[in-house]
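Got some structures for you, see below.
Two complexes follow with subunit A in common, the first pairing it with subunit B and the second with subunit C.
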Partner chain A sequence: MELLLIFMLLFMILAGIVALWTDELLSAVIAVGAVGIGTSVAFLLLGAPDLAITQIVVEVVALVLLIKVTIGVGVRTTSGTPSPKRLRLAAAVSVLLLLVMVRSFTGLPEFGSPVMERVDDAPSIVYLEEGLERTGSANQVMSVLLDFRAYDTLGEATVIFTAVFGALVLLRKKGKKDREDADGGEDEE
Partner chain B sequence: MVYVLCAMLLCVGIFGLISQKNVIKIIISISIMENAVNLFLVVIGYRRGGIAPIITERIYEGVQFAEKAVDPLPQAMVLTSIVIGLGVMALMVTMALRIYHVHGTYDITEILKSRKKAEQ
Partner chain C sequence: MNNRSLIVSRVSRWVAPLIFVFGIYVALYGHLSPGGGFPGGVILSSAFILTLLARGREATLKRLPFGVAKKLDAVGALLFLCIALVGLAVTGVFFANFIQQRLPGEPLRLFSGGTIMPANIAIGLKVAASLFLVMFALSALRISTDEKDEPIRTLEDK
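Right after this comes the complex of A and B.
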């Protein structure tokens, strides 16, 4: 179980390195798709089937979006490699951050013993014990998402609405000002 | 070990974010970082030999459901985070498309050069 998870994580790290290494944009997009699918399989191993399903759907949509901006506009390769100075800086920063993170992991419980067991009256335990009686949902993830913490889901919907709205504004062909300039605004959509 | 591998995946993303010049590659790096953080949060809530937090029976092998299931709270929050990640990705992709329409390239150093030339 844990070995499978470690194998999946190594695969994802490899796919991530390939995505950054290659000059072909299509290969990079496919490699990042492999990272996403690897995340999905890891979620499945960690007992989170809802997350695995959502991750696959999101990954497919992201792949379509990324292919649209690379092959869709006719850009196939990156122009030039990053300068060695930039690479050294990036390597230094990421190795430093890795060391800091590894050091901070000593405060966390071992893999396989959840944080919720260490805290008295942890909300997660309450959700697990009383979720069925209080919400009537067999799936406790959904009872947290749509009942105990429904305001978070409302906030999520707001963020997605804002993102879609921003994308629509960026994608429109003509601004309002241009339309007024073009005599009398005959091309109303 | 699992924690360290998650951190390594995050560092691959950070490395790409700093070193890459292509806008698409930067979006890809952010996507890798997002996956790493989501996975780490779910790993923190994992219980060894745990089952998915879906009630089918009250008692499994003589153990209460609440002592057998994995933590549902990080999973619910990560579900939110994944969907928001898609929204942010869509916004970044449209920004990249806009950059391409204006400058004709995805390379940020070339964009900076052309802007400097235009200012002079």
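Right after this comes the complex of A and C.
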């Protein structure tokens, strides 16, 4: 299974490189979609079907959105090559990031042995052992998301609400004053 | 835009309701099987997005008017908050699972898990309406290269 996972990760890295280097926007968007599907399959291999479902569904909608708002309005290719100075800066940042990752990943617990097995009385153990009894939810992910940690989910819902609110305010054309002159229009209130 | 394929528009008429029902299932059974309010809501909104892409804005707005989607968005968010506040009022703890504490359902049945199912429904409503609104707002955006036209047209223009 680890071999499959490594294969998926390589596939995703390859797709990411394709997304960066192609000039065609459509190819880039499709490559980004391939990365998302790779992530979804990786989640499935790691035994997280909730995340896999969310990932694949959001990926598909995001892909459609990207195609609709970039290629749908006639933007097809990107042009111009980055200057050598910029490339050198990017390479330096990448190497720095790689070093940080190597340093931090060596401190992680062994693959397949989660933190909760190493720490006694970690809350995650309590969630797993008493989740069904205390929340009545057979799906332990939901018992954490909407019962033990529902406050976090409320924050997440607030973020989505604010984002949509901001997008709708920015994308409307007329202010309230102008709209009074306009005839009819869409039902706003 | 009258260059839409007849096949695509006909097939979308049949497929969109199936996607819609699947979205409801994923949101409703979130406490029993993988899924939940968020993916369920995204699947629900993707049914409308399919209609929007295949059959245009008029057909979509006939099914889900813009104002209704805005209200559903707000109702979903407020419903979620209300569940939290009722928990606070009944047991004194914010987001307490008061239904499970007062009358626990049989595990592994649809009506189990107390407030988790209503919360999933609220989040599903919210996410479905928000994503539909975002898609609609962005798809209404037209960038014209013609000098005479206004460069960007937004929601209020038909």
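Criterion: the second predicted complex is superposed on the first by the 174 of 189 C-alpha atoms of A that agree within 3 Å, B and C clash if a C-alpha of one lies under 4 Å from a C-alpha of the other, contacts with A are read in each partner's own complex, and residues count from 1 in each chain.
The working rule: contacts are C-beta pairs under 8 Å (C-beta built on N, C-alpha and C of every residue); 3 or more make two chains touch, one makes a residue touch a chain.
Every value quoted in this text rests on a predicted model; they were computed, and no experiment measured them.
With the two structures aligned on subunit A, subunit B fits next to subunit C without clashing. Applying the stated contact rule after C-alpha superposition, one finds that A:V164 touches each of subunit B and subunit C. After superposition on the shared chain, subunit A has more residues touched by B, the comparison being subunit B against subunit C. When the shared chain is aligned, subunit B comes close enough to touch A:A90, but subunit C does not. Of the two partner chains placed around the shared chain by superposition, subunit C is the only one that A:G136 touches, whereas subunit B remains out of contact. In the superposed pair of complexes, A:D152 makes contact with subunit B only, with no contact to subunit C. When both complexes are overlaid on chain A, the residue A:V69 reaches subunit B and subunit C alike. Shared-chain residue A:R172: touches subunit C; no touch with subunit B. Taking all C-alpha atoms of subunit B against all those of subunit C in the superposed arrangement, the shortest distance found is 5 Å.
Shared contact residues on subunit A (touching subunit B in one structure, subunit C in the other): 49-50, 54, 58, 61, 65, 68-69, 73, 75, 132, 138-139, 141-143, 145, 153, 160, 163-164, 167, 171.
The residues of subunit A lying in touch with subunit B in their complex are 1-2, 5-6, 9-10, 12-13, 16-17, 19-20, 25, 28-29, 32, 35-36, 39, 42-43, 46-51, 54-55, 58, 61-62, 65-66, 68-70, 73, 75, 78-80, 82, 86-87, 89-91, 93-95, 97-98, 101-102, 105, 108, 111-116, 123-125, 127-129, 131-132, 138-145, 149, 152-153, 156, 159-160, 162-164, 166-167, 170-171. The part of subunit A that touches subunit C in the complex is made up of residues 49-50, 52-54, 57-58, 60-61, 64-65, 68-69, 72-75, 132, 134-139, 141-143, 145-147, 150-151, 153-154, 157-158, 160-161, 163-164, 167-168, 171-174, 179, 182, 185-189. Residue ranges of subunit C in contact with subunit A, taken from their complex: 26, 30-39, 42-43, 45-46, 49, 53, 65-67, 70, 73, 76-77, 80-81, 84, 94-95, 97, 100, 104-105, 107-108, 112-116, 119-120, 123, 126-127, 130-131, 133-135, 137-143, 145, 153-157.
The residues of subunit B lying in touch with subunit A in their complex are 1-22, 24-25, 27-29, 31-32, 35, 38-39, 42-56, 65-66, 69-73, 75-80, 82-91, 93-98, 100, 105-107, 110.
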